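Next, two complexes with chain A in common: one pairs it with chain B, the other with chain C.
Presenting the complex of A and B:
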C-alpha cells in the first residue's frame, strides 16, 4: 500500500515539476548574458528579406566585441521561419519556454509571422522591438511591450499616391497588392489617400501568395488604362509582375513600398527591369555618406559572412534594433523588462540608420517619416525625390 | 465589347501557362503509367534541373544551347538515381509507401537546393528580352510564350509517338498493367521503371527550364506549377498522355479566365476545384479508360 502511495506521489511530483519549471519566469537575463531572439526567412518566398536577421547579428557581434552592455554579452538566437507563421510560432515558443528564456524579441520579418506570435509575447510581457513590417497591427491598440520602428505601410502608400498625383501628374492609379496583411495595409493607405484627393483607384487587383502565373492580373491592370500602378507585393511577385507586364507591352509608372527598396537585388533578379521605379525608403540609402551609415559599412567586411551583401535590408536589420540597444544601455545594469520598457519610453529623436525615432508613454510607433526615391533609366542609380516626410 | 475583347488574349495566356502544366502532368503520368506511383518530387526535380542549367550558364559561362542539353542529361541521371537509390530499395513496397518515398525525395532535393544556392530568387538569363514578341489579331504573344507552347507541343508529340509506337513504350505499359507477366515476357521491368523515372525527369526538367526565364529561379519555384500539373493529370486521366496534355491546357485556360473575369484572389483555387469535380463526376479522368485489374 505504502509502495503504491509512493508511486502515486512520485508520479504526481514528476507531473508537477515540469509545470513548476515552465511556470517559473524565464527572463533570458543572467549575470553575463542577455538572450535575444529573432525569426527571419532564410528560405522561401520572402528569402530576400532574410538579410534583416543577419544584419541584426552583425550589430550584436559589434556590441559584444566592444565589451557588451553593462557587463553582459548578447546571445543572439536567430531561426529560419520561411515566412511561415506556423514555424514562427513553433520557433518562438521553443526559445521562450526553454532555459534561460528570451529577454526580448528583436525585429522579425513579416506582418503575418509577427501577428502569429504577437499575443503570445504580449501576454507574457516579453518586449519586442522593431518588427520588420510596417503594419498598423503593432500599434492598434498600443501594447506596453511592443515598440514599432518600421514606418506604417499605409503612410508609405499615402506618400507615394500623393507624389504620383501631385508631382507626376498621374490620374489613373491602380493598386496591385498581396492578399495578406502586408498588402492590405498598403492597399488601405492608397485608397484612403486617393479618396482624400478626390480620386478612385483605376482598379484594385490582389494576388495570392502562391500564384506564379500573373497574366490575368496584369491583363486586368492593363485593361484598366492605369498610368501608374502601386505595387505592394513580395520580391518574387514583383519580378514576375515586371516580366509579365513587359510581355504584355504594359509600361505604367511603377511605384512600390520600402519592402522592395533593395535596388541592386531587384535589378539583378528582374534581369534589368528595375528601371524608373519610384519607391519609399525607411532608412538612409546604403551608400549614403552619413556617419550613422559609414561606421557600419566600414565594419561590414569584418563581420559579415562570406557572400553577404551590404544592402538595404541587411542595414535595416541594424536600424530596426538600434533603439533596442539604446534602451538596454539606458536601462542600466539592473536590467528587468520593466526597467527596459521605461528606458525605451525615454527615447526621443534617436537617429541611427533609420529616420528619427521617438517613443513615450502610450506612444509605440517610433518612426513616422519616410522619403521617396527613384531608380534611373539604367536601374543602377538612385535619386532621392523627397526629404524625410511624415504623412499627416 | 471591351469585356469580351480581352478574351483571345486571356485564352492565349492560358494556353501558355497550360503548356507548362501539361509537361508536368505528362511527367507524372509517365511514372504513374509504369509504376502506379504519384511522384510528388517531380516539381522539385525540375527545379534542380533549372538550377543546374543556371549554374552552367552563370557560373561556368556555358551558352544556353550547351547548358540546356547538359541540364536535361543531369535530369535523366537524377530521375534514374532516384528510382535506383530510393524507390527500388523499398522492401515489399505498397503504392502508398512509394508515394511517401517520393515526398522524402522532394524534401531532400528542396533542402539540397536551398543549402547549395540559398533562398534568394535568381534571374535565368536567356538571349531574349521579355519585351520581344509579335501581335496578331490584337493578341500580344511574347517570344518566350510562343517558345513555351512550341516546345511543349513538340515534347508532347514526340512522347506520344515514343510511348505508343516504340517497343520501349509498350514495355512501359506492360510493366504497369502486370509486372509479373511483363517479366515473364522478357521485359526487364527494373530497367523499364528506371527509364520511366529518367524520362519523366527530363520532361519535368523541360517545364522547369521554361518556367525559370518567365519567373524566377528559387527553391520553391515549381511548387505551384507542380500542383497545377497534378491537377491537370487528374483532370485528363492519370494514365492518358493526351489527357494530361488536354488537362494542362484546360487548367491554364480556365484559371486565367477565372482570374480575369471573376477573381484573381481565388484564381489558384480553380485547379483544385477541378480535381474535386473530376473525382466526383468521372474519377478516371477525361480521356483515360478505367482500367480494372483482373484477379
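Presenting the complex of A and C:
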C-alpha cells in the first residue's frame, strides 16, 4: 500500500516539475492589436455605474475608426462583474491568462472589485489606468503600474466647505455621511477644512448602508440649526434624504460629491427635488461647449447603443481612459509595458473631458482639480460656480 | 441495490471498488492540475472547492440533521475575518485556519441553542437574523476594518517548494476540500452521524432511543459552522480581500441552493451542487446576445424578444433569469437534485439492458 502511494506521489511530482516553470508571458500586444480589459457592473444594484465601461467602449471604437494607434487596433474586453469581487477576479484572471493576454486595464468601477485584483495586476506589472473610484488605496503607496485619475473625495469636500463658508456666507455646516470609505473620506476632508477656517461642524451624522428610514437622522440635522449640509451618501440615501427633509420642512443649502453629479438621473429619482444643489464635478459638464466634450457628444449618436444616455458617467468612461490613450500614443510603435509606463510618466497637464492630468516619477494621482456647480430652481439647468480648482 | 450484508461492510468508508478507483483518478487529476493549468482554471477550481467545503458543512445541518439555516454567510464571514485577523496578528496560516474553523464552530454552538426550541420557519428567521447581524457588525466596527474590511496578509505557505503562491493556495484549498469530504463521510458512519439522522427523521423518537437532543443539535450546528468557517478562511486568501458586503443574504441563499440543487442529505450531492452553482455563478456573466442567436429554432425570435425587453444598452441583463430558470427546471424534473439524476443513471446502467 505504501509503495503504491509512493508511486502515485512520484507520478504526480513528475507531472508537476517540467511544466510549472514554463508559463509564457502574455503581453496582450500583437502586430495589429492591443488588448485592453475593463470590468463594470451591468446588472445588479450597482448597474447605473456600468455606463463607465460602455463610455470607454465608445472611445476605443472612435480611435479604431480613425485608424487605431501606431497601426494597432484596440480590442476591448469588457465584462460584467455585478460589483462582486469574486467575479472581478475570475474575469481578470481569465482574460490575462488567455491568448494573447491583456496589455492593460482601463478604469473599472468600484473600490472593492478593484482592491481584489490590485495585487494580482501589480505583481505582474500590468498597467492600470483610471480606476473609477476616488479611493486612497490606489496611491498609498504609489504603484509603478497604477495611474489614478479620479480626484480625491477629501479634496472635493474641502472645496465645497470653503465655498459654503467664504462665498455663500454659511456659518453652521453639518456633515451627513455614509459610514463607508467614501463617506469617511468626505467627512475627514470637511472637518479638516472647517478646522482650518476656525469652525467646527454643526453636527456630524452618519448613515448606515442598510438604513431606509432617515427621519431621526434628519431631525438631528434640523435641530442642530445647520444652514448648510454636506451630504456624502449614495444615490438611494440622497433620494430619501431630500424627501424626508421636504416633509420636515428642513431646507438648508445641500452640497454633495461628484458621485451624485449626474443631474438628470438625480432629478428623476428624487422626483424633481434636485434643486439648488451645489455639487463637485470631476469632469466638464456633459452639455459644456468646450471642444474636448463636443467632439464626443457629436459622435455619441453614431456609436452608442440603443437606450444609452449621454450622461456624466458615460462621459467619465471616456475621461478616465483618455490618459491611457495618450500614453499609448506617446509610447510609439515599440509598445511594451515599460515603454508605456515611461510614456505615462511624461504626461503633464493633459486636458481631456476631465480636469488637467499630470503624472511623473513617483506621482500617480493624475487629477487633483475639481470645480463646483449648482442646479437652478427648476433643477434642470446647471451653472458652473468656480473654475477648475486644486485644493492646496 | 446497495445491499449491505454485515455491519462492518456498512462501516467502510468507500463501499465499492469502482468508487475507490474513481476517487483515486479524481485525486490524481486534481493534484496534476497546477502543472497543466494556468492561474485562471486554478482560481475556478479553488472557488468550486471552497463552495464544496461549505456545501458539505451545510448538508450536515440541513440534509442530515434536518435543521434549516439561512445564515451560513455569517459563519463564512466569521471564518474569513478570523483567519485574516489571526494571520495579521502573526499566527501561521494553518493554525489560523483551524482556529478560524473552531471560532465559527463556537458561534455555531451558540446559534444551535435557540434551535433546540425552534423548528422550520421559526428557525429560518433566527438564522437569517444571525447572518444579517454578523454582516452588519463586521461592516460597522472599526476593529474589523469597517466598510472596506481588514487587509488580508499575503499567502506565504509553501506546500511544494518551487510552486507559485497561486499553486500552493490551490493545493491547500483542494486538499482541505478532500479532507472535509472524508471527514463528513466518516462522521455520518459514526454514532454521532446516525444520531443526526435520527433527529432529522423524528426528534421525539430519537430522544426516546437515547439521543441527547441538546447535545446533538448544538453539535450539528457547530460541525456545520466549522466547515463553513474553514471555507470562509480559505476564501479570504483566495480573493485576497475581505469586504463585509460579500457576506450578504444572497450568499446564504446560494449556499442553501447548492445543497438543495445537489441533493439534500447526500455527500455526492453537496459536491455536484457546489460545482453547478459555482460554474453558473462564474460563467453566466459572459452571456451575450449572440449566444441566444445560436440556439436552434427559437434562437432568432428569443434574441429579438430579449433585445426588446431586457437588454437596455445592448448588455445581457438576463443572466439572473437564465440562472433562475435552470434552478427551477432542475427542481421540477428532479426533486432529489442532481444526486437523484446520478442515482437513476446508475440504476439504469446496472440493470441494462432490462
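What we mean here is this: the second predicted complex is superposed on the first by the 362 of 392 C-alpha atoms of A that agree within 3 Å, B and C clash if a C-alpha of one lies under 4 Å from a C-alpha of the other, contacts with A are read in each partner's own complex, and residues count from 1 in each chain.
Note that in this section contacts are C-beta pairs under 8 Å (C-beta built on N, C-alpha and C of every residue); 3 or more make two chains touch, one makes a residue touch a chain.
This structure is a prediction, so every number in the text was calculated from the model and none was measured.
> A:43 in the overlay: touching chain B, chain C, both, or neither? Say first, second, both or neither.
So A:43 meets both chain B and chain C here.
> Report for A:105: first if it touches chain B alone, second if chain C alone, otherwise both or neither.
Neither partner.
> Which partner does A:179 reach: the first (chain B), the second (chain C), both, or neither?
both
> For A:94, decide between first (touching chain B), second (touching chain C), both and neither.
second
> Does the superposition put A:325 against chain B (first), chain C (second), both, or neither?
Touch partners of A:325: none, neither chain B nor chain C.
> Now for A:52: first (chain B), second (chain C), both, or neither, which partner does it touch?
neither
> For A:81, select first, second, both or neither according to whether it touches chain B, chain C, the two together, or no partner.
The second partner, chain C, only.
> Just chain B (first), just chain C (second), both, or neither: which does A:208 touch?
In the superposition, A:208 contacts both chain B and chain C.
> Does the superposition put A:217 against chain B (first), chain C (second), both, or neither?
Touch partner of A:217: chain B, not chain C.
> Which chain A residues lie in the overlap of the chain B contact set and the chain C contact set?
42-43, 47, 50, 179, 208, 210, 307
> Residue numbers of chain B touching chain A in their complex, please.
So the residues of chain B in touch with chain A come to 2, 6, 9-10, 13-14, 16-17, 114, 118-123, 125, 129-131, 133, 140, 142, 144-145, 211, 214-216, 218-221, 223-225, 252, 255-260, 264-268.
> For the complex, give me every residue of chain A touching chain B.
Chain A residues touching chain B: 41-45, 47-48, 50, 179, 205-208, 210-213, 215-217, 219-220, 223, 235-236, 239-240, 242-244, 246-249, 265, 268-271, 273, 307.
> Under the definition above, what is the set of chain C residues touching chain A in their complex?
On the chain C side, the touching residues are 24, 28, 31-32, 34-36, 38-40, 43-44, 47, 136, 139-140, 146-148, 160, 162-164, 167, 239-241, 243, 245-246, 281-282, 285-286, 312-317, 319-320.
> Quick one: in the complex, what on chain A touches chain C?
Checking each residue of chain A against chain C gives 8, 11-12, 15-21, 23, 42-43, 47, 50-51, 54, 79-82, 84-87, 89-91, 93-94, 96-98, 111-112, 115-116, 119-120, 137, 179-181, 184, 208-210, 305-308.
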